[in-house]
Amino acid sequence: MLLLSIKEIWKSFGGLTALRNISLDVKQGDIKALIGPNGAGKTTLLNIVSGIYQPDKGEVLFSGEKIVHLAPSKIAKKGISRTFQHVELFGNMTVLENIMVGRYAKTKAGFFSSGFKLPSVMREEREIQRKSEEILKDINLGHRKDEIASNLPIGEQRILEIGRALATEPCLVLLDEPAAGLNIKETRDLGEIIKKIRDELKITVVLVEHDMDLVMRISDSITVLNFGEVIAGGTPLEIQKNPEVIVAYLGEEEEVQGGYSAHP
Amino acid sequence: MLTVFLQFLFSGLTVGAVYALVAIGFNITYNATSIINLAQGEFVVIGGLMMWFFSESLKLPFFVSVALTIVTAGIVGLLMERLTIKPLKNADLLLMIMITIAVSIVLRGILMLSFGKEPYAYPAFTEGEPVNVYGAIIQQQALWVIGITGFCIVVLFLFFKKTMMGKAMLACAVNPTAAKLVGINVSQMVMFSFVLSAIVGAIGGMAITPISLMEYDKGPMLAVKGFCAAIMGGLGSNRGAVLGGFLIGVLESMTAGYIHSGSKDAVALVILLLILFLKPSGLFVSKTMLQLRKF
Amino acid sequence: MKKEDFLSLLVLIFLVVLLPAISGNTYTLTVGIFSGINALVAIGLCILMGYAGQVSLGQAGFYGIGAYISSVLSLHAGFPVVISIICGMIVAAFAAVILAVPALRLKGHYLAVATLGFGEIIYIILNEWGPGGPSGFGDIPHFGFFGYAIDSTRGYFYLIWGIVAIVMFFSINLIQSRTGRALRAIHDSELACNAMGLNVAGIKIKVFILSAVYASLAGSLYAHYVTFISPSSFSLFYSILVLMMVIVGGMTNLWGAIVGAVVITVLPELLRKFEELDVLVYGLILTLSLLFFRKGLVPILIDRIKKLRGFAVAKH
């Protein structure tokens, strides 16, 4: 079943066309990777799916529903969550509190009931705390729960951001370069967590990444973007053999992280 | 009919000229630092009151008083920047807003202490009969106000467009790091922008006092109206600031004359809110400028 | 509720009960009453600024709405005082929505000036079209309910500070709840909040309404206490005064609002002799606080206490 369907999306910023007739599908239960050189438009596409940008043309269907003109918070409530290329944690709050904010949309204590400390509010609060601690344990950050988020090393910050995204109980999670700045061990751990998200929590994952080792190891399906266009799509094996993809990467000056092997 | 209209028009243009100068003052500091100096109105008051002090109290000759007033205003601007802006270099916006408010209160306090609460005035720059335009009586001083404002606008335009220093100041707000890398002393430019904006404000105060008198607490209202004029044209654009200033002055005058005199202050406020709510980037701003500007 | 806050609340109630007992002096109690009224406005602004990270230079507008609506309804329309006060709060809430919906899209300077403009417009409306115009009006009924009216200084002292205690209880609970977390999160990253499903705009508007309602309540209580009001009490100067209370006391801590309110209210009394200096002194205090005591009295005090505790632990 197609969970996410991106249909003929166009997006320009002033004179620059960032996305050109992009169409791609994400099957439910898949880990779909979105790769391509820097500037290819991957983050722009994520921003359109999550509602931060409005496309000039085209549509995005989530479980068959059109979501392109919805505000980001509405899209989040529909079941799409995400992380950001530059970590957007609540830096001045503790690790646990960051997760707890992720539970906001699933809870309902209002101003009045919170102010007067009604028993229903206290119960909900205890539940938020319990659920959040559970998530922290799942992502192996339980020992950090009272630390200030901005004090964590970058690897743990990225994991925390994923944990926060999970707290919203999404059907689909968009991860924007979660391995950026991580070493080999941290990247392996990240891979395990992403697989756990799909296998145990049954959440579909869209992963924007540059680390080819990670991408090839865990993705079910890959779409390659270059200069705002889809140039290839398929399984990891197919993509590795695709000549256009190889040209797109080898033609750039940028360094590719990890251990990507260009030999078929 | 025409006479009455022209009368209101000219009084509007006169007071609008001062708003335009306040607005330009805002732009000068904003262009160099991205800070909006809410004490801008106090410089106008300083201009008027110090001019009185030098010319009426110390009985110094006209041009000497003008020069001394300008110097005083410049020094106040300098002190403000060195003592309160520079120390807070990397503070967040909220703090910067508050410190300029705090300084405006301090300045007002000093003015109140020195001059009391009464209004002050001194004779117009030139003696002579008012000018008659289709029956509307226009005082010579009003022409001075409009003329001096026009002169300042031209001078500042040339300064920012043609001189190295002017361009350097603009560069500082756009990208301070890049400015430093090409050898611009950003810190000095910031200081100079405060000095310049203080002088511009004071000139407005000096010119308008013979007509509408000056009191210690006129600052905040001038600042609000001047700010309104500044954002009308898009913050940072002097062309817009001037248009905005005159427009507000005239609208105010027309409202007071034709509708209800008590609400004239409300005119600028309502316009301000409408612009902020509907088009904060300014009325006279082109699409490309919109995309380049951030607020 | 956290231990420290609960204890502080008890201390507050204790002091409130104690003060009239030690010093039945009407003057002291009156200063105390005004401190309490100002504290109510300050608490609202503190939540808005310190937690939600928004700025408002227009609280005097809501304060004035509360005072005028409540007075007019109870004096001219014969409404019971408590109902009039509630009506004032409702009107203030509406005004807050009208201001907040467009204004909260703005940031920093623009928001500050928009709220300033709002406050000034309210002032002009009161000045031009309020009963009595610039001279104001009097004969406002004292606070009372079910026929029992409060007309003694002592009575008002207990009333005002009793309300402050209740409002603090409510506010502390709010800050420590999911709402408080949301506010602090919004302060750190609105982008992430929206992505997590928080309706950031909606939450900001609600907090704005909250601060407006607190200010309106304070304004109504003020009116029914002094029984005579005029627009001059509801000008920009008051908005700035409240801002000072929050900054001096410390905007990241609710107790700072109370401390700041007391300090700023007591100050002019100490400067009685030097009336011409008052504006200057206010300005200097604000400037020096911003330059050197940015965090505010209460947070700085808490830091000191923590350091001392740290030393005590280290010594062992």
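Going in written order, the chains are labelled A, B and C, and every chain counts its residues from 1.
Criterion: contacts are C-beta pairs under 8 Å (C-beta built on N, C-alpha and C of every residue); 3 or more make two chains touch, one makes a residue touch a chain.
The shown structure was predicted, so the numbers you read here are calculated from the model rather than taken from an experiment.
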item	value
Most widely separated chain from chain C, with each centre as the mean of CA atoms	A
Chain occupying the middle, per Cα centroid	C
Distance between the centres, which are taken as Cα means, of chain C and chain A, whole angstrom	42
Mean-CA-position distance for chain B and chain A (Å)	50
Mean-CA-position distance for chain C and chain B (Å)	33
Sites on chain C touched by chain A in the complex	1, 170-171, 173-174, 177-182, 184-185, 187-189, 191-200, 206, 210
Footprint of chain C on chain A - complex, ascending	50-52, 71-73, 76-77, 81-82, 84, 88-93, 97, 100-105, 107, 109-111, 114-117, 121, 124-125, 128, 164-165, 167-168
Chain B contact footprint on chain C (complex, rising order)	49, 53, 55, 57, 102-103, 106-110, 112-114, 116-118, 120-121, 124-125, 127-128, 236, 240, 243, 247, 276-284, 286-287, 290-291, 294
In the complex with chain C, residue positions of chain B that touch it	36, 84, 87-88, 91, 93-95, 97-99, 101-110, 112-113, 116, 220, 224, 227, 231, 260, 262-263, 265-266, 269-270, 272-273, 276-278, 280, 295
